[in-house]
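First chain A sits with chain B, and in the next complex the same chain sits with chain C.
Up next, the complex of A and B:
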């Protein structure tokens, strides 16, 4: 049963997956081109100096990209399920309901993981070539918070999409916006270092929220 | 599983409410709490205060004497010397010292430090400027250094490779002077926007204090003798115009010291305590006196210090007892609050607070 579910999700999201990869790589590439331009115009010394003196990391442009990719993936994956009443059919399959949803979410997380890891490797390879380890760590640890926000955004949007009633859905949106705000409270590089384990832990737990929406769907809650 | 899902949802709602409601309350009721500008005057041997009031700014001293604007300039001649020169009122001598704009300008300094400058992420790479290039303007170097467990390494910026020769030169120079790797504190001002460069002050694994700089391409390392029992905790290299002071330092007991440039003498300042991770400090100095202001949530402490022998001239406290009604009410409405950011550091993390609302 696992394979057909994964295949169904793949059919649903393959074009979006391609687009997400292209857009995220595009933004990463553009950020790296900007770094290249700074090096070309003002030299490598200037780049290091600006990073050390002014705490600039040159990839701020990517701040909200993982979040947007995560939110849109959840919309692409779960809105058709709700709108075309496919979820009802899915939940009638001879497979534990919550496990079906867990597999769907796992698929989404894997898609995001592939997309984000690809970006991380892209950035790492480029920066390791031109910057000292400390500066590379400085950039990547800062970006890590944004990528975790991408996963959280995905899981919270899935929770919102799966919710059967609009009244509750609006409450969920308000909660999700507040939770996601926590990821963007500071622009100081590496400000989240000590808080990252908490954010990762909480993000992992947010899988449970979608189960609550499915439970409400199963028990017949509707507008 | 649904029980855990519900628990997570309720937990999320409670956490968000603990964060957002007090924030909104504070946002709507907060008011500016301005500390009056206070400076010690060696002319009246008292603190001069600029106190904002409903009728405008009131200039007075602690004895209650009120001054006009020009009188206020006169009792703080080192601070308002430009105004006094413009008015032709700058005294020729003061306390036996001949005054001229150059001397005043050279001896005046302002040093400020707030806790968020100590409590922030550190990259761990430091440019070591050439201290004696023979040129007037300082230039940023083409390499940066970091200190590992067993050596100091200089990384060439262009090639992003370790400069083995320079690294060995400085590692040997440090070891020769008894430096035990790794470094505990690395303090400097790696910028070209200053008059001269004094390199870095370092403490090693055994808490010994060292001065390291680059002089005509060569390493300069000096071990600084500090009295036994003092464990340096924070160092602030000053590089003031007059070149008399190398740094301000604090130890584990939060005692404040000044390190002199030429003699490398460590002098304890008559300040009760200063914790750079929790308190802000400003030091406004001139030829005759320094006014040290140490402030935190409890209020402000002022210490007037003699600029020649670093003895205490006068001390005053201004406790922060102006808790507004809205703050009191806030404390009752929100006995527990959650914040993620703080003015005292640059970290984002969960911090719970209870009691007084400010």
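Up next, the complex of A and C:
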């Protein structure tokens, strides 16, 4: 039963998926063009010097892009489900309720993964050609926190969308903003390195929040 | 084979906050019958459908469908239940062939021809998105999907909402033909009672907090009558008698409903010393019966 659920999610989100790929690649491409311009104007030595001495990573422009992509994906995927109580249709399918939601979330995570991995590969290929391995790792590890924030933003927005009452939804938004703020407390590159496993752990746990919203929907909570 | 009752709701009690919707509501729907749930706004029709579909946990009581509690029902059992949500809600981001392809994979008894037969009548292209269809066309898509699912039980919430008379008639004729030919059980609500009369075998009339009546429509219409009579100017009807439903006095004419024959009413009125003249007895249709039993207000 995995196939038809994934098919439905694909129909719903395919144009957004294309847009997300284009926008994220666009921002990554623009960041890399800036790096290229620095090299063109001031030379490779200057680039290395700035990176080593001033801790500049040149991809700051992308900081909030994965988060925005994750949040918008959840909106595109789950708002149609909650409009006109369409979730009733989905939960009426002859398949366990929580497994349906898990498959829907898995689809979203895969879409983000494809989108983010594509960007990571794009950046890696470019930087490996011009920078030392340590500097490439420095850039990618800094960006990794933002990409994890993208997954967390997606899962928290899914939780908010699936919540059946507005009062609780507003509370969920406040909690989600506080949780997501944690990902952007420090602008120092690689500041989160030792904290990344905890962030990944938190992100994995947020999957359960959508199940809580569905449970509330099933018990008849409504405005 | 299934038990005789496809639906069995026992002692349902539900509140929204402190507002009681109903208390100890019990009813059952036998296999092969089309049952309509009638009630004014706010009497709990959609609440009952939501409980029956497993989207609302009642404060107390339980609802069994095919002998299984809806709250803990085996998910595979939902293959035998076709659900139409109020407003013919469907996945509007799909087109008519995508939605057929999607649902067909869940239901082993899927009858593609039943769906496309109905779609041909709509004269829409297979690539037309459901969101760009009229409410009437969407109702046919929703009905076509249920017919293709070929469930044993159909639960339809306010199936006539938003439909013009043509589409309502088409919906009713298709549904009735299908349910009778295939011996399906149908549980439905609608706010247009004339539609129900063409379709249903049995009715439940809900009043605030309780069931007023549950019986075959033919029995109800054979036994309930409307009585009108004239009383002297200034006379006020103050008789509390549970044999007469919702008597209304306009000028010097009284209208009331009762499960009595004319001679029994005459006797009752005489015993109550009502100074009546020009007593008229009429048979009623389902809408009259509904208004007679629940009142105009």
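We adopt the following convention: the second predicted complex is superposed on the first by the 222 of 223 C-alpha atoms of A that agree within 3 Å, B and C clash if a C-alpha of one lies under 4 Å from a C-alpha of the other, contacts with A are read in each partner's own complex, and residues count from 1 in each chain.
Please note the rule applied: a residue touches a chain if its C-beta (ideal position, glycine included) is under 8 Å from a C-beta of that chain, and two chains touch if they have at least 3 such contacts.
Only a predicted model underlies this, so the values are computations on that prediction, with no experimental measurement involved.
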Aligned on chain A, chain B and chain C: do they clash or fit? fit
Go through the superposed model and pick first if A:195 touches only chain B, second if only chain C, both, or neither. first
Quick check on the superposed pair: does A:92 touch chain B, chain C, both, or neither? Answer first, second, both or neither. second
Looking at chain A, does chain C or chain B touch more of its residues? B
Determine, under the contact definition given at the top, whether A:220 touches first (chain B), second (chain C), both, or neither. second
Which partner does A:3 contact after superposing on A: first (chain B), second (chain C), both, neither? second
Check whether A:36 is in contact with chain B, with chain C, with both or with neither, and answer first, second, both or neither. neither
Which superposed partner A:124 touches (first chain B, second chain C, both, neither): neither
Tell me which partner A:204 touches in the superposition: chain B (first), chain C (second), both or neither. neither
Nearest CA pair across chain B and chain C in the overlay: distance in Å? 15
Within their complex, chain C touches chain A through residues 50, 53-57, 75-79, 81, 83, 85, 87, 89-94, 98, 101-103, 105-107
Per the contact definition, I'd like the list of chain B residues that touch chain A in the complex. 1-2, 4-6, 8-9, 12-13, 16, 19-20, 120-121, 123-125, 127, 140, 142, 144, 146, 155, 157-158, 160, 190-191, 340-341, 346-350
Quick one: in the complex, what on chain A touches chain B? 44-45, 48-49, 51-53, 98, 129-132, 134-135, 138, 175, 178-179, 182, 185-186, 188-195, 198, 205-206, 208-209, 211-212, 215
Taking the complex as given, what residues does chain A use to touch chain C? 1, 3-4, 7-8, 11-12, 80, 84-86, 88-89, 91-97, 217-220
